[in-house]
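Since the structure comes first, as structure tokens, the remarks are kept for the end.
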């Protein structure tokens, strides 16, 4: 079952690649539906551990516990409409390749989420890069070359430094293998300085992929230049795994390193959230706007992860899953708009709600989900992320909340207004039955994660708590030089969350 | 005959020969002279080997004579190099009427 | 007459003898018939038989136990057998690559294949050498043959120039190496690795031994193209006929690294720590020069030359580890097979895209290859991805193993540098990939050569297989019988 | 000691001559002088057989080959210094001096006591032919065999390189009437086509074979 | 669900279903059906609220909790969605569904023949759903769901006629200003979690009284909540969105922007009464924000000419009263005023709607007048409402407003924060309220017609679906006040009813209990204030035909008042300009700075490469030189090591 999550899309990709368009579309759809089916049963599936290069402790380990299954499920759900769109709206000649790349992307993403051996993780990390690069490179816009290069340089620079850290983990910690379970106790026992250095390697990769300000510039070009159908952008959205990397690997393995970096990373994440939001309000191009919006979300993910609290980290993961649906949905809608008007310029739209009310309604729903309106998908994650962040650094996160939430309101409503409100210059088609089919999973997912996220959250939370509890142990073992400030963020419970020391006078 | 000259002195002499040979490689422009300089370097090595062979006399015939034996082999190596080197030299000369190594910079372009 | 203590067993020499016999036969047939192809057929046969011997040695459960012969001058063990197999595979691929090109470019003189076989024999000698004298001889056999092959192309000024350049600089480097060997003898009284190691192990590092070691390192550093002894590589790679370049880039590199790692692992393991520091400095310089040099190249062949320099840097990491008793030998051998298949593959594609045009490797020739010859383009993409070290291809594990070995040996900063420079590498490799897939149009018609396509296919299969099943090859190199576990 | 000093001076003068004399012939002769002096040095170092080899094979045979080639190719003065590389000469001398000094310093920093004359005499008896033979056909028998392979390689390589010149110039002459052997032949034109080039090359090499 | 009181939890679900039906299939329904359906939905909500109200009567523990499903979880922090049915929420629900039903009914006629008929009712039901979630929530998170939900509904309804840019802009403004308030809500929640470890309202309240009196944490939470409440309830400094929100259909203004949604802020503070009771600082801030808002809005109302904008400012002003009430700790009073205000303000809006409907969209009171004769029901009911809001004795507004004034005067909670000042401001505002409301009424219904004859001829009374709600509301505008007669002398049902739901016996908020004559004097003062206001209005507009203020009409003061005291302009200059500048700066920086940095790095690397290429000169001798230098350096290194050793 676990391996199927990787193998099914991979096989479908290979088959689809060599088929003509129609056949490729069918195969891809079947493949992605099957993957979704697998994903729904993934939570309880057994883990896999196979030797790969046993002499060096490298193995193939796949473990669907924790956040993995949730993210895979959300990604699989998002992939369904994406594949439909790709099969339908990419040129005849390109469609099979495009579909194949999408499925390869899904396969390697699933692998990335599942991998429980750090070298395998890295393998999937890079494997995911390639289809996204190729999609941009093969099907991107006029200036894709620059975008590709930038993306590549950013991504690879980071990931190779991470490789250094990964490879160093075993020799330095003396663990038996690169299996996560082996590394965990060994790596946590490392001294703080070593942990900090190793953590820095992970930061290089994950901060780029997250992305954190100021390493985000590739993201904007990436989205701007990608295929107008928005399909590749969805894939890119699924691929925002930096936060997951921190959550699943870097922080549990190197808690002391994480603590050393926490103030900086938390600040950068907060800046990212605000920066992305502010920049989004100024965009005149729909795709740039989405890119900055996504950047802002990632800032919030970062805030949650770097809070090093149970709430924040759990929230960040559920937000990651939620934004796959909401941001992914927005990119698909962007593609629909482009097909109707042939442009992404916001100024070219306006008043479409009259001729396309259903399109408007769906857009509004997804947009509201994206800006964190409660009851929709992004809210639980955003709320918990910021809540965790607030516990870690009240004033900083207050500022970040103020900036990002208001900015989200501004760009969210602005976007809707500029697309759908005002006087219509010309009408447009409303949602076609196919479009409805495309958007249905997205809408369902948005409501699902918005109204009843608890089962998914509980699954993630279990992993978080295990990670943080272990951290408490190591902290207490190595006590002495670790300041109490280090231990505070560790706590998962209400008692230990420090009451911010507020020096506000209460007496009249 | 006086006190035997110490090995260090011989090796220093060979080092000087080695360096001069190397300088020749760097400064001579005719390929054949570059090649001659390389021969000089090989001979420097031989001199060192012979000097060390004498030094190792105390360690027995096997150890001492292996040095001289290797000189013999190095000689053969030099001879083989000469064969190939002159072969290349001749072919290139036929094309260029020159063995000036400074003209060998076309590939870079 | 003094009989060597370990006898004169010929079985460990089987691959060498096979090659020598084939070479002689090919020479005879070649000069009598005047047709190079007969020699070629013999060469293929000889290489395969030799590979069979090497492979059998490797598969032997006792392969891990070192076997010496001829008075400690020859040592066969799992890494050396693996390296020999690597060299033979490389030579085989080079023969396939050149099969059609020879006739086309007037290089099909009867001496070609005998020389190629002799060069391979020299490589085998270098790898199995357990004695500096044998190493020197192997090196010279290999070098002289390759000098001649570099200048092989008829009336081609670039080829001749490459040959002479390579020869002059090579002879210079040999002289340095020989002088170094002389100094090592002076310091230890021995030429055999184990004897040298025994002598060195006795006391503190003698300056003389260190000096000898440095000069040996410099001499071998030339062959493996460590900076600053690398400058011949770009020019010679570019100038030499492409099949010869392919041979050089894989066989010479494998042999030289095989020799280097064995010198470091057998002759002065942990005995010359200063030398390790010096090697580390060379490796660092090599990584920088190779990768940044490649970044600027417009010709793909020349870029691959710099890439060869860069890969020498990664291999150097493993050599460093080997000197400290870590798993370096296996790592070097593993990496070299990976490098051999991916690099030979890249040259196989290159030889078809370039055709006979010495300037045919410029980036324009690659533009739009993805539409003109998708098969070639896909294969090249695979090789370049692998060279860049992207998982799960062979190159990734090569790099990962090397870096891990270095980390284990404590060369952390160097490992990090290696990975940082690897980023640069990704850029220049993928530039070719972009040209093939992203650029429209393009010019030139790549040749079609069935043998070269065979080489591409084999190399591609190897690149993928090594990446997917790294432990098979690694297990063999460790001398452990590996059972491939199937199923998920 | 005196002998050593005289030898050193002569040897170094000869060596410097090799790298400085403008006429290739002079340089080669200077090298012959150095090699001969080396032979004397070998005698001093109890390597009588090597001394003989040095004089006969090296200074004799190999150097004659060199001189032959120099004269054959009629190499003259090297001509003016390449301006771009003028800096190399002074730099080379400096680096060379430093290197030699470095090697010498390292050697002197690691002094060894020379065994007494008796020990030396006990080892190096006679001309040394016997001992070397013992080595060559004993522990070094593999190396000895490989020397054979090496020489074979050298011959095959040299023949392969030089012989094709005959071929091409023959074919070139066949095509362009009156072209002299000294004229650098152009590379065969590319448009000649792969097959025809191949056939030509094969047939002409057959011609060369018959000629031999 | 066995407890009938808990059935009220179905209201949001029913309303949501109603919204979905109309939203998805509305366009295939024929005209009255969507309206009827939506009205039925609202009415069923009212019935369920009544059931709950009845069920709660006479219970010892007047609170019913219903846990729905788990929502968030993080370590030991867990949060489930649930419903809390208690007197406060039930009362609010009664108002929401009751007034809501009437307004739905009214809309059936009002929105007749509008292109977006079904869409309108879908949104209206959506609002009911969100608002009932807000009110019924047992946790702040769920309340926030409703809180943003009503914001969304408000956004949709203000921008209902989205093709006019001004409407869409107004909707956007409302949403964004509300978002600022939401930030406060979020931060308050974060601080609550950090402090109490829970977001359940009851648990927070219980824990809050454990804090030290005057604790800084409590004050900060209170201030964050105030930001939230100010955003939703259009209080200073976030009041600017409400006047613009009048761009929506008038029934919407009546329901959302007068009767229900805007009182959510008051509800929020009343819900967290125990917390506020621990922090005089935050309470005082609430009270003073309310008082100043009341005054500022009243001043702004003076100069308005738009029939609905006058009412909008009046709403803001009345909300200010409620804020003073919650600020001083008179939580039941605030809800009481919410209750009475809902009726008369909804009535006023519906009356204006009726007028606008009759005049075909005309909204400027300068072009009205004399309509009382032609629109008898509308005129009469509007008069009742006007008098009620003006504080004429024995009408509902009188009792609630007087209670606020009295409690402001006698507050001990805010002792030291200027309670008499509060009282004074409110008293002045009361007079101003009576004045501008008279102007409003007389401008529309009294005097002579200022319309052209043709338009005047077409004026007609609205259909029954619109007038029936007017009459029902008028009834309540008269009698709702009797639920909360002055405590010192009469039985007061509402205080008794609400007490357990606000402070819940957890703590007490102290008031002075002055002598009865003081209380009577206070009542008299309110009556006088209302009387003065009305009299002045009558004198200026009815007796002198507006002459005394004619000179002022185009003066600076009038313009200031008409512009809402210039808040919009000031904000545009101060914040919007600044924010836009920052944002565009960020956008520009993002493209330039970060990208340039990368380019710089790239060219630095290129330089390195060129250096390497320069060394690759092609000359053998140069290469040999490099090699030899390498050898030399290594040799020197070794020699140095050897000599040193």
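Labels A, B, C, D and E are assigned to the chains in the order they are written; within every chain, residues are numbered from 1.
Keep in mind that, in the parts below, contacts are C-beta pairs under 8 Å (C-beta built on N, C-alpha and C of every residue); 3 or more make two chains touch, one makes a residue touch a chain.
Remember, it's a predicted structure, so these values are computed and weren't measured experimentally.
Common neighbours of subunit A and subunit D (chains touching each): C, E.
When the C-beta pairs in contact are tallied for B-D and for B-C, the bigger tally goes to B-D.
Ranking every chain by how far its Cα centroid lies from the centroid of subunit C, the top place goes to E. Note: centroid distance subunit A to subunit C, computed from Cα atoms, is 43 Å. We define each chain's centre as the mean of its Cα atoms; on that basis subunit D and subunit E are separated by 99 Å. Averaged C-alpha coordinates give centres for subunit A and subunit E that are 35 Å from one another.
Centroid to centroid, with C-alpha atoms defining each point, subunit B and subunit E lie 96 Å apart. Listed for subunit D are residues 82, 85, 88, 91-92, 96, 99, 103, 106-107, 109-110, 134-135, 139-140, 143, 147, 150, 153-154, 157-159, 161, 164, 185, each touching two or more other chains. In subunit B, the residues touching two or more other chains are 7, 11, 18, 21-22, 25-27, 29, 34-35, 46, 51, 55, 62, 66, 73, 77, 80-81, 84, 87-89, 91, 95-96, 101-102, 104, 106-108. Residue positions of subunit E touching 2 or more other chains, listed in rising order: 616-622, 624-625, 628-629, 631, 635, 638-639, 642-643, 645.
Contacting chain pairs (ordered by label): A-C, A-E, B-C, B-D, B-E, C-D, C-E, D-E. Of all residues in subunit A, those touching subunit C in their complex are 3, 7, 48, 50-56, 58, 119, 122-124, 126-127, 129-130, 133-134, 137-138, 144-145, 148-149, 152-153, 156-157, 160-161, 163-164, 167-168, 170-172.
Within the complex, the subunit C residues that touch subunit B are 2, 133, 136-137, 140, 144, 147-148, 151, 155, 157-158, 160-165, 167-168, 171-172, 174-176, 178-179, 181-183, 185-186, 189-191, 234-236, 238-239. Those residues of subunit E that touch subunit B in the shared complex are 616-621, 624-625, 628, 631. Across the complex, subunit B meets subunit D through its residues 2-13, 15-24, 26-30, 32-33, 35-37, 39-40, 43, 46-47, 50-51, 53-55, 57-58, 60-62, 64-66, 68-69, 71-73, 75-84, 86-91, 93-97, 99-100, 102. Subunit D meets subunit B in the complex at residues 1-4, 7-8, 11-12, 15-16, 18-19, 24, 27-28, 31, 34-35, 38, 41-42, 44-47, 49-50, 53-54, 57-58, 62, 65-66, 69-70, 72-73, 75, 78-79, 82, 85, 88-89, 91-93, 96-97, 99-100, 103-104, 107-108, 111-112, 114-115, 117, 119-120, 122-124, 128, 131-132, 134-136, 139-140, 143-144, 147, 150-151, 153-155, 157-159, 161-162, 164-165, 169, 181-182, 184-185.
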